[in-house]
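Next up: some structures, all given as structure tokens.
You will see two complexes here that share chain A, one where it goes with chain B and one where it goes with chain C.
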Partner chain A sequence: MIDIEKIEHLAALELKEGEKEKIQKDIEEIIHYFEILKEVDTNGIEPYIYMKGAHLFLRKDQVKKGLDREDLKKNRILSQNKFYKVKRIMGE
Partner chain B sequence: MSEYKPTIGLEIHVQLATKTKIFCSCSTEFGDEPNTNVCPVCLGLPGALPVLNEKVVEYAVRLGSALNMTINKVSTFYRKNYFYPDLPKGYQITQYAIPIASEGFLEIKTKKGKRKIRIQRGHIEEDAGKSIHTGDITESQYSYIDFNRSGVPLMEIVTYPDIETAEEAYEFLVLLRKTVRYLGVSSGDMEKGALRCDVNVSVSKNDKIGTKVEIKNLNSFKSVRRAVEYEVKRQIDVLENGGSVVQETRHLNEKTGETVAMRTKEELNDYRYFPEPDLPPLILTDEFIEKIKKELPELPLQKEERFIKEYGIKEDYAHDIASSIELANYFEAVCRATKKPKEVANFLMTNIMKYLNKTGKQITEISFNEKKFAEFLSLIDNGTISKNIAKEVIDQSLETGKSPKEIVKERGLVQITDEDAIKEIVLEVLKENPKPVSQYLSGKTQTIGFLIGQVMKKTKGKANPQIVNKLLRNALMKMKK
Partner chain C sequence: MDITELSISQLVKNIKSGEISVKEVMKSYIENINKKESKIKAFIHLDIDNALKKAEELDRMREKNGVLFGVPFAVKDNINVLNTETTAGSKILKGYISPYDATAVEKVKKENAIIIGKTNMDEFAMGSSTENSAFFPTHNPVNVEYVPGGSSGGSAAAVKSKEVLAALGSDTGGSVREPASFCGIVGLKPTYGLVSRYGLIAFSSSLDQIGPLARNVEDAAVLLNVIAGFDSRDETSVNIEKKDYTALLGKEIKGKKIGIIKEITDFDLQQEIKSALNKTVDTLNKLQAEVIEVSIPHLKYALPVYYIIAPSEASANLARFDGVRYGLIREGNNLKETYQLTRTEGFGEEVKRRILIGTFALSSGYYDAYYLKASKVRRIIANEFENAFKKVDALLLPTTATTAFKIGEKKSPLEMYATDIFTIPVNLAGLPAISIPSGNDKKGLPIGMQLIGKWFKEEELLQIAYSIENGG
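Showing the complex of A and B:
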């Protein structure tokens, strides 16, 4: 059984009463697939996390100009001219 | 009442002093206009991909090596998931399963002697943005976010709970800051957020470690000490009154010096770490690691010990000089030029330090270089100026930027060693002070100090004190007969 309330909290969602049961059922079904996969014996097999042969690129430490603040403003990404405006973060 | 033993561990975020952010080419400059150093990567815009900064890797390996840690040839990146407005992607890229460095130690000096504080891990990660609140935090309807800091590289250093007192926690932090500055991997400026510290504290009467309380976001050395002191006392009080310590996160109230519990609602710590699919493992070669290890500079404690041994200077002078790499470099440059380490240390820690404190200047900004220092010391050595006058000369030279010789010439500070000239003044002083003279003659010989003082006063401190002493005694001797 999954704890739908916990998932709701972690995903920062507010579910309505009817949605809760439906989503709970959906997630449980999804997780059930993993139960099926568990039947495969993976002993001694290294977890496959990254693409085979994938290679980490490193960047030189050289400054490049990013996005222009005027453009951010134009696209309404920025408010108050300088800052991103968000709902008040609760203090301690 | 048996003794409670505090157990303290630190988690320290060190901002690495790169020019650009950890996963994008935006500048890390402190104090720029809000949201001017941002791009799709550090704003978490859809589709943007992180590319690791090679300098971050170099600095992390350097710091890890200096902290005697094992550098892991393979380390992996993870996503740490949580929602907060200053974290635009909804996750922080950090290292989890295998950090870049693990298992090391830093040896600190305490009143009880040297102590090894073990370090568990050091991992690289990105910083979050900065939230700004206008007006009263409880009244303002909005918070404002500046993402210039989002993506700034950090190395998090996690110690084992080997620390037992607030003093040790303080010493550890101070030494860590000196170390990062020596290495040039971080500014270590706490007030600019380049060094931030979380503290874990528990107390126990026996070997079983007590319930741990975390105090977050301490942003000065003083706060760390205060928070630990307060928290240890608080926990002992709770236990002594039959209560039990609650595992929680607390904050230090800077005004009262008390720690206060944070709201517990957001406390649900479930970060659901999973491997970052956009960044394959970081693989380092032996050559790369060895090269960095070989290039490590001498570290603060080594330098301090060498100063005592090599130059024979006092332990506390060695400690203070080695506390800053610039000061240490200056000291050694002057020692090379003068071959007089004790005198150099003396004047450096008195007159020069006083001048630096007064003006707020750095040692690298003063014009009193090794050449002037050498000239200055030779003026004392060859008897041109007395030790007393020397202080005036060095102060004036620091103040005006003129050379010591110029100062001496301008102000007529040359020491009077001409015995005839001094003798004349001695006789004058004896005539003007019949009372101390008769006191001396009747056996109260300590009045000679007063008489010497009078001669020095008349010569404005320029008379050679040994000669004054000798001539005074001679003259008084004659009067006795």
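Showing the complex of A and C:
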């Protein structure tokens, strides 16, 4: 059994009753299916994280125009002072 | 002449020679939209007025530049188009207006294509049928009782029903190729790193790739010419020489070696798909290509590997949807509560399921057993492909094991996940692959054949696909 509440908390989700049982059951079934990977011997194998041909690069240190503030403002949450407005997080 | 029957190069040639106007083109396509869209539901947003205005603008231009000049075009709704609503098929992004163009969109616009709308998709590209859209399902134009595939189901349906000439989709585990196969069109997933992901809403960053959906192989090659190329705004973009992907189309494939994956016989294939595969082998023999058997012994592990890696990356990528910067917001008593309320209401069931699976696979105590293990098996699979490509120029296999299924038919998540069994290995290895139409089954539903190419050898992949398309 997975600790669904702990996972919900980590993912900043709060499943509704009814939804919770179904999703937990699905997830347990899916995770059970992952067990098949135990058959594979991965001793000495490096994880595949960086794709073939890809290598990280640095951009030139140049001043470039960023996104237009007027365009950004169409998404209501950018306040007049160029900051994002959030609920108070200190002093609770 | 039926304008909507013309290929990209034919259409653009006719416009440039003055034989037809862009407005006439647009009107022909709008006629199809008016006739079909209410049944197909390919689009989340359609802007016909703007498309007509743009058509008139192009007609007034003295210099008619661009290889997509006047081409009616659609873009999947997880790709940013400046000043349009981009929702990725999710309620959580309802109301989000893109403040910029994705690189691929910028390139398509530069060639003077006309973007008439944003297409429906499974929410955040998580699905294989477009039924997971938060808004409505899209219907397969071949038979509206069936799904068009997914997650780029809206793009595939719009191209098939001739509501547009071509479209962009994104492919994380088959999301361009599977709907192309289900709808009977061509879908191309380029090599990882060839097309910039800048402006594509990230699902699984090591797997996502933007690709074209088109009527035929030539159109797909023309589109790849437009969208491929290095972009410093995508840190996984690969800087390789610019190529002409149409250059080898029509050149004979005599002597090319095509591999059939032995392990395919371990899977349950629909009878007509087996026959279509055999027929394609006959075509290759006729074209004097050499068909040989190769082995990818760990093929069957691709599905569990994918369903660990993709949700893990998604759980990180989708953390940004918290109600603070854009889209939906549900205010709680404090910030954490605002996050929770917004995300719980904004995400659909499948997205929540995958975020939770990914969060679990990355969580302390489970990371090694799931995410790390999957990443290692991923390398084994990629190595097996690399070995296979020492012997062959391309691999041939069906795109899917069955043709399209009915809307509402697949019930459990695992049942739905299994749809992508033949497309997923390609993304895990970062390879390019194309799905081309290969006849119909008894019910009249399209069958798709998939060709997998070598890394960054799209010109050769397209050459072989073109020969099969025209040599049968």
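One rule holds in what follows: the second predicted complex is superposed on the first by the 82 of 92 C-alpha atoms of A that agree within 3 Å, B and C clash if a C-alpha of one lies under 4 Å from a C-alpha of the other, contacts with A are read in each partner's own complex, and residues count from 1 in each chain.
Please note the rule applied: a residue touches a chain if its C-beta (ideal position, glycine included) is under 8 Å from a C-beta of that chain, and two chains touch if they have at least 3 such contacts.
Being a predicted model, the structure only gives us computed values, none of them experimental.
Student: Is A:Glu46 touching the first partner chain B, the second partner chain C, both, or neither of them?
Tutor: Only chain C; A:Glu46 stays clear of chain B.
Student: Could you say whether A:Ala54 touches chain B, chain C, both of them, or neither, answering first, second, both or neither?
Tutor: Both partners, chain B and chain C.
Student: After superposition on the shared chain, which partner residues are touched by A:Asp26: those of chain B (first), chain C (second), both, or neither?
Tutor: In the superposed model, A:Asp26 contacts chain C only, not chain B.
Student: Considering only touches as defined above, state whether A:Phe34 meets chain B (first), chain C (second), both or neither.
Tutor: second
Student: Regarding the shared-chain residue A:Gln62, is it in contact with chain B (first), chain C (second), both, or neither?
Tutor: The answer is first: A:Gln62 touches chain B but not chain C.
Student: Looking at A:Arg88, would you say it contacts chain B, chain C, both, or neither? Reply first, second, both or neither.
Tutor: both
Student: Quick one: classify A:Lys74 as touching chain B (first), chain C (second), both or neither.
Tutor: In the superposed model, A:Lys74 contacts chain C only, not chain B.
Student: By residue count, is chain A touched more by chain B or by chain C?
Tutor: C
Student: One more residue to check, A:Leu15. First (chain B), second (chain C), both or neither?
Tutor: second
Student: Touching chain B in one complex and chain C in the other: list those residues of chain A.
Tutor: 6, 10, 12, 49, 51, 54, 56-57, 59, 67, 72, 77-78, 84, 86-89, 92
Student: Would you pull the chain A residues touching chain B in the complex into a rising list?
Tutor: Residues 6, 9-10, 12, 49-51, 54-64, 66-67, 69, 72, 77-78, 80, 82-92 of chain A touch chain B in their complex.
Student: Which residues of chain C touch chain A once you look at their complex with the stated criterion?
Tutor: It comes out as residues 82-83, 95-97, 99-100, 191-193, 206, 232, 235-236, 238-240, 298, 301, 304-305, 307-308, 315, 319, 322, 324-327, 329, 331-336, 338-341, 343-344, 347, 349, 352-353, 355-357, 359-360, 363, 370, 372-380, 382, 412-414, 417, 428-430, 455-456.
Student: Flag every residue of chain B that touches chain A in the complex, lowest number first.
Tutor: Spelled out, the residues of chain B in touch with chain A are 18-20, 24-27, 33-40, 42-43, 51-57, 76, 81, 83-85, 129, 131-133, 137-138, 140-147, 251, 260, 262-263, 268, 270, 272, 275, 277, 279-283.
Student: Along chain A, where are the residues that touch chain C in the complex?
Tutor: Residues 2, 4, 6-8, 10-16, 19, 23, 26-27, 29-31, 33-34, 36-37, 40, 42, 45-49, 51-54, 56-57, 59, 67-68, 71-72, 74-78, 84, 86-89, 92 of chain A touch chain C in their complex.
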